[in-house]
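What follows is a set of structures for review.
Two complexes, one shared chain (chain A), two partners (chain B, chain C).
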Partner chain A sequence: MTAVVAAPAAAAVKAPGRRSVVRRLARDPAALLASVFLAAVVLAALLAPWIAPYDPFYTDPSKGMRPPFEDAAYFFGTDAQGRDILSRLLYGTRLTLLMGLVALTMGGILGTAVGIVAAFYRRVDGLLMRVMDVLLSFPAILFGLAIAAITGPGLSPIIIALAIATVPLLARISRSSALVIMQQDYIDAARAVGLVDGAIIWRYLLPNCLSSIFVFSTLRFGQIILIGAALSFLGLGAQPPTAELGTMAANGRDFLFFAPHIATIPSLTIFAIVLAFNVLGDALRDILDPRLRY
Partner chain B sequence: MRMRTWTTAIAAAGVVAIGAGTALAQGNTLNISRVIDADRYDPPRSTARSAGDILFMIADTLLSLDYDLKTVKPLLAKSWTVSEDGKTYTFALRDDVKFCDGKPMTADDVVFSLKRWIDPELKSPVRGRAGKVKDIKATDKYTVVYELQEPYSELPFQLTQYFSSIIDKETVAKLGADFGVKGFNGTGPYCWESWIPRQEFAMKRNPHYKWGPDFYQNRGPAHIERVVWKIIPENSARLASIMTNQVHLTQYVPQIALTQAMSAPNLKVVKAESYLWTAYIGFKVDREFLKDVRVRQAINLAIDQNAIVKNVYFGHAVPAYTPVSPATPDFNQKTLDVVLKYDPEKAKKLLDEAGWKLGADNFRYKDGKKLAPVFYAISGNPTNQLAEFVQGELRKIGIDMQVNLFDATIAWGKLATQEFDAYAMSYPYVSVGDAYNLYFRSAAAPTPNRMNWKDPTTDELLAKGTAAISAEERRKYYDQVQMRIQEAAVWLPTIHEELYLTATKRLDGVRAHGIYGCGVYKGLDYKFN
Partner chain C sequence: MAPPILKVDRLVKHFPVTSGIVISKQVGAVKAVDDISFEVRSGETLALVGESGCGKSTTGRLVLRLLERTSGHVEIDGVDIFSLDRQALRKKRRDMQIIFQDPYASLNPRMTVGDVLAEPLRVHEVASGRALRERVEELLRVVGLAPYHAGRYPHEFSGGQRQRIGIARALAVNPRLIVCDEPVSALDVSIQAQVVNLLQDLQAKYGLSYLFIAHDLAVVKHISDRVAVMYLGKIVELTDKTTLYANPRHPYTQALLSAIPVADPAVPHGRGIIQGDVPSPLNPPSGCRFHTRCPHVQDRCKAEEPAFRDLAPGHQVACHFAEEIAVPDTVRARQSSQISDAYRRRLAAYETKQARRQTAVEETIS
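Entry: the complex of A and B
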C-alpha cells in the first residue's frame, strides 16, 4: 500500500528518460556538434597509446620546432625538444580530461553530500553552508598556488585544488534543488510510512537532484579544465616530460614569435574542449531543467 | 596694473620653462628592461645580479674592474699598496668624492661600509668574500688600512664587486632596516629617485660625479640624465618592447631572438668581450644514485654540450666542460685533456659496470630499484628547456631523471634541502679561487656546496692556494684542485654564458661589461644621438 502512494509521485517529477534526452540533443545542431566532437576527443584520448604516431617523450633536438602541416610525418610539427606535437596532444588531452574528471568526481561527491545533508538536516544547514561560503571566497587559482607551495608542483596538488574549489559550488546547487524536493508531498509520504532518513535520501532525494547536478557538472567540467590548464600554465602542474595541455602551452610561449604553433595548438585544443562542454551543458540544462520545459 | 603684468609674465615664463624641462627630461631618459627585481638594494645583503644592476650605478667601490675582467683599476681609491707578507692593504682615497646629498666622502665612510659588510650581525651571505679580516681602519682622512689574518690575493677583485660598495653612514643610521628599500646615499654616477618593487627603479644623474673609472671615455657626470629600469618578466613582451622602441636597452633578449635582433634595422647587439658566468648541473655525491663516480661520469658522457648550445641557447653560448671558463685567471689548461665529451656508448658501458642493468622498460635497475635521480631547478627559460633536454638525453641511456621545476619564490628553500640528487644553476665568478672556494669547500655545505662534496684534500689545497703570496704558488695548488674536481665529475658543466646588450641605434657608447653579469656597469658613456 505504501509503495503505491510513493511511487507515482516520484515518477511524476522524474527527469525525461535517457532516450528523450538523446533525441532532443540530436535536434539541437550546436549540441549535436559538441557531443560528436567531445566523443571524438574522448575516444582519441583513450586510444592515445595506440594511435599516437610517436613516443610523446622521445626527444630529438635535431628536429626541433618543425612547423605544422608541412611534413606528413609530423602533422602538427614538433616542439623545442623535437617531440611530435600530435602525439603529445593526444597524451596531453588524455591527462587533461583525466585531471578534470578526477577533480570533478571528488569535488562533486563531496559537494553533493554536503548539500543534501544541509538540506535534509536543517540544524547543520547554517554551519555547513557558512563553511562553504568561506571556501567559495577563495578562487581556485589561489588554492592551487597555496597547495603547490606546500607540496611542490605536480598533478595531484592541482587536482586537490580543483576538487576543493568545486565542493562549495556543488553543495549549493544540490542543496537548493534538495530544498525544493523536500517540500514535495512524496517526501512527507515517505516519512509518514516510516522510511529511515538514509532511504529517503537515497531513494527519493538524491535521484531527483541528479539532473541539476549533472547539468552543472557538465558546465563545471569545462571550467575545471580551463583552471587546471591555467595552473599548469603558471608552472604548478605536471612536471616535464609529462604532456599536459596547459603545460604544453606554457612551454611554447617563449617561442611565440618564432614557432607559434607550439603554444597555439594546445591552447586551441583547450579552447575547443571547453567550448564544447559549455555548449553541451547549456543544451542539457534546456532539456533537463523542469522550469524551462513547456 | 603693472604688478599684474609682471605676475603674468613670470607665470608664463614659468610654464614655458617647466614645459621645456619636462620635454628635455623625457628626451634624456634611458629606459632599460630586465626580468626580475631584487628584494632590496643594500650592497652586502643581496647576491642577486638584479641588485648589482642598480647598485653598480648608484654606488661605487674602492676599485673597479676593466672590461677584460682581469685588470683591477682605481675608483674611489686612487692607488693602493700591499705589504710584503700580503696581509696589509693600504688604500689612498680620492679627496674629491661626494655622496649624492653633496656630503664629501672620507675614510670613515669607507671603514664603516667595509666593516658593515663583514659584521656578523648583518648576516651578509657574501661576507666570506672579504677574506679573514683582522681590522679595517682609517689612518687619516683619506687613507684606509685593510689588515688580514692571512694573505688573500683575491681581495682587490672582491673590492670591485658591489657587495663592498661605499655608502653613507648617516643615511644607514637614519633609515635603519629601510636602507636600500626606501632610500640610499652612495657616490655612484646616479642617485636613487624612486623604487616601485617588481615594476620599476628610477635613478637620476649625480651632478657631482667626476671620478669614473679610466676605461670610460666620460669620467662624469653621466650624459644621460635619468635612467629607469623596468621589470618585464615575460620573454615575448620584453622582446616586443625593445623591437618597438618602448625601451632603449636590455641585456635580456631571449637567445632565440638574438639573431633576429642583430639584423633588426633599429637595433644593435653588443657582446661583452669578457664574461665569466657558467651554467652547470651539480650532483649530490653522497646520495644513493650519484654516489658512484661512474654514474656521474656516465651522465657527463650522455650529454652533448654542443647540442645544448644549438638547441637551448640557439648558438649564443659556449659549450662548457669545466666548472669555470678557460678564460678565467688561474685556469688549469690541463683539465681540458681529461674532460668527458659526448659518448653515449661509453656512458652505457659505465652504467653497466656500475651495476645498473637495462630493464624491459628501457630504464636501468639495480637490486630492483630504478635509476631515477630527482632533479631540482628554478623554473624559467632557458633552464626549463635545458632540464627537458638533459632529461630526454638521459632517457636514451636508461636514466629516468625526475624533473621538478620550482617558482623562484620557493625554489631557493627547496634547493637548500637534501631531498634531491641533482640541480641546475648558473653563477658568476672572478677567478678560479673565487669559484672553487665558493662551491667546493666542505664548509660551504649545504649551500652553496649543494653537492655535499666534503673532501679534506680539496679543503687543504684551496686553503693553501688562497693564502699563497706568489702567483706561482697559488697556481700550483689551484691547478691540483681543478684536476681533482674534474676527475671526480662532481658537476656536469653545460655552457659558459655570453652576455649581450641589445640597444636602440639611437643610443651611442654602448659597450657591454661582464662584471657580475651586470652589462651596463656604470653606464657613463651612454648618450642619445
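Entry: the complex of A and C
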C-alpha cells in the first residue's frame, strides 16, 4: 500500500503485463531472432570505438579492394581506398542508428503531441490534420532534397527531413488511437473527478495510446533508416569520408562489377536491420494490441 | 419537504447533424433531451427509466456538465453549474459524482486501484501523505474490498469488484449527489443485488442523493423513491414509486410495467402492447411523441403536444387522456401476483441464508 501510492507514474504505466510482453516475444521465433539480432547490432554500434579492428578513416591504397572472407585481418575486405570495411561498417551502423533514433524521437514526439491535441480538442482537429495531410503529401526524399538545397548536404538536414516526414504519420496513428480512448468512460470519470485537461491527457489519454504509438514507431524506425540511407546514397547525407551505411553503399557503386562487396555489404546490413525492425514491429503489434489484452 | 439537491429546469440538449465536407452546414439536430424538468431531493433516489436511446444517459451527463447543454438550467445546491467558469466547476465537482455502466471502461487500465481512488482526493486536496493512504484503505473497506487491493490493476478484478471500485471513487470526496448511470446493467443478476444493496447502505450511511438511471424496472422498484419515465427525450410521467407501479397513468409507463417478466405462469404476459421501434429523435413525431405506438391514440395526440401537468400532488404526466385511460389488467396482475405460501416460505428461507452468507463474507473481508 505504502509503496503503491508513492510509486512514480512511470513505474505504474509499465508494470502491467511487461514481463508477459517479453515472454510472448520469446515465444515467437522470428521475433526472438529479430530482437536478438537488433540487440547485437545496437551493442556492436555502441562499442564500435573499442571493437573496430582499424581506424575507419585510415587509408592505405596498397591494400585497396581486398575481397571479403579471405584474410582474417580484413574480414569484410577493404574498399577502394584500402579502408577496413568491417570497421567502417561498425561506425556506419552507429551513425545510421543514431540518425534514425534522433529523427524518430523528434518526429515522434511532435507527431504524437499533434495527434493527441487534435483528438482531445476537437475544435482544432480539422485544422491540425489538414496541415498534417499537406505534410504527408510530400515524400521524405523531397524534404531531404529541399532542406539539403538550403543548408548544404550533411547529416542534420537529413535528420530534420526524416523527422518532418515522420510527424504526420505519428500524428495520424496517435490521433486515431486517442479518439478511441476518448470514448472510454474513464476519460469522463477523470473529468467528473475535476482533473485539469493536462492531467487527463498525461495520465489517462497518453499512457493508453502508447502501445500503438510504440508499435508504429518500431516499424517506422526501419523505414527511416532506409530513407536516410537512400538520401545518403544520393549524396545528400553524411559526406565522405564519414562512415554511414548509405554513403558507403554509394562509394562502392562505381566498383560494383569488380569489387561488389564494397556496396553490397553495407546494403545487406541496411536490409537486415530494416527487416529485423519490421519483424519486431509486427510481433509487437500482435502482442500489444489492446483488443487482445484487456 | 427537504430542499432539492438537484434541480433541472427545462433542460435541452440537441446534437447538431451536419453535412458537407468543406462548407459544413447543420441539416438537423438529434433531440436527445428535449425540455425536461425534475428535482432530486436531498437523500432521495430518483430513478430515470426508459428505453435505450431515450436520453437517460445524456441527461445524466448534462447534470454533471460532462456535456454542454443547448438550453435550460441545472442547479446543484442552488448553484447553476452551467454558469460556473472552469475553475469553479472543478471545485463544484466535489459535490457531484458519477458511477458508470460499464465497469470495464470506467477505470483507467494503466492506474492501480490505489491511484484511481487517490486521484479525487489529490485533486480536491482532501488528503495527502499518510491520511491519503488511510482514506484509500477506508474507501476500499467501505465497498467491501480489502486494503491490499490498492496495489492491483483494474484488469485483475471481476466486473462486480470493478463496479465497487467505481463506487469507491465516486464516494472518495464525500459528494452529495451521485449520478448512477445504469450501474448494474452490465453485471450478473447475483452481483446486481450486491451492488444495489451496497448503494442503499451507502445512501443510508452518508445521506447521499442518487439520480439512478436504469432500464431494469425490478431494480428501480427496489432502490428508488420516485421514478421519472423518459420517452424520446421527454419525461412522460414522474411520481413516487408506489403510485407509479400501482397506478401508472401514461400509456407508455403502463406498457413498460406490463412487460416486466413475472415468474408465475398465472400472470398474463403483457408483451406486444407497444409495437415497433422508437421513432428517430432526429425527426420526432408531431404532437405527443408516443402517438405512433400508443394503443389509445386519438386525433388530438397527433396535433397537440401534451403538457407535463400535475395529475395529483406529486404525480405529473404528459398525456391528454391520463384521467381516462384505465390501468391495464396486465399491470394490475403484477401488483397482486399470487405466489403460493409454500413458495414464499422457501424464498424467505433462501434469503435468510443468503444474508447470513453475505455477513460471513463481509466478516472475512474485514
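Everything below uses one rule, namely that the second predicted complex is superposed on the first by the 274 of 294 C-alpha atoms of A that agree within 3 Å, B and C clash if a C-alpha of one lies under 4 Å from a C-alpha of the other, contacts with A are read in each partner's own complex, and residues count from 1 in each chain.
Basically, contacts are C-beta pairs under 8 Å (C-beta built on N, C-alpha and C of every residue); 3 or more make two chains touch, one makes a residue touch a chain.
Computed from a prediction, not measured in an experiment: that's the story for all the values here.
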Original post:
Which partner does A:F258 contact after superposing on A: first (chain B), second (chain C), both, neither?
Top reply: first
**OP:** Would you check which partner chain A:N278 touches, where first means chain B only, second means chain C only, and both and neither mean what they say?
**Re:** neither
Original post:
Looking at the overlay, what does A:P240 touch: chain B (first), chain C (second), both, or neither?
Top reply: first
Subject >> First, second, both or neither for A:P153, with chain B first and chain C second >> reply: first
**OP:** Could you say whether A:A190 touches chain B, chain C, both of them, or neither, answering first, second, both or neither?
**Re:** second
**OP:** Quick one: which bits of chain A touch chain C in the complex? Just the residue numbers, please.
**Re:** 1-5, 7, 12-13, 15-16, 184-186, 188-196, 203-204, 207-208, 294
Original post:
In their shared complex, at which residues does chain A touch chain B?
Top reply: 57-59, 61-62, 64, 80-81, 83, 149, 152-153, 235-236, 239-241, 251, 253-258
Original post:
In the complex formed with chain A, which residues of chain C make contact?
Top reply: 61, 64, 66, 89-91, 93-94, 96-98, 100-102, 104-112, 114-115, 118-120, 123-124, 132-133, 136-137, 147-148, 150-151, 153, 155, 166, 169
Subject >> Sites on chain B touched by chain A in the complex >> reply: 234-236, 239, 254, 256-257, 260, 307, 310-311, 379, 381, 384-385, 387-389, 391-393, 395, 402-407, 409-410, 414
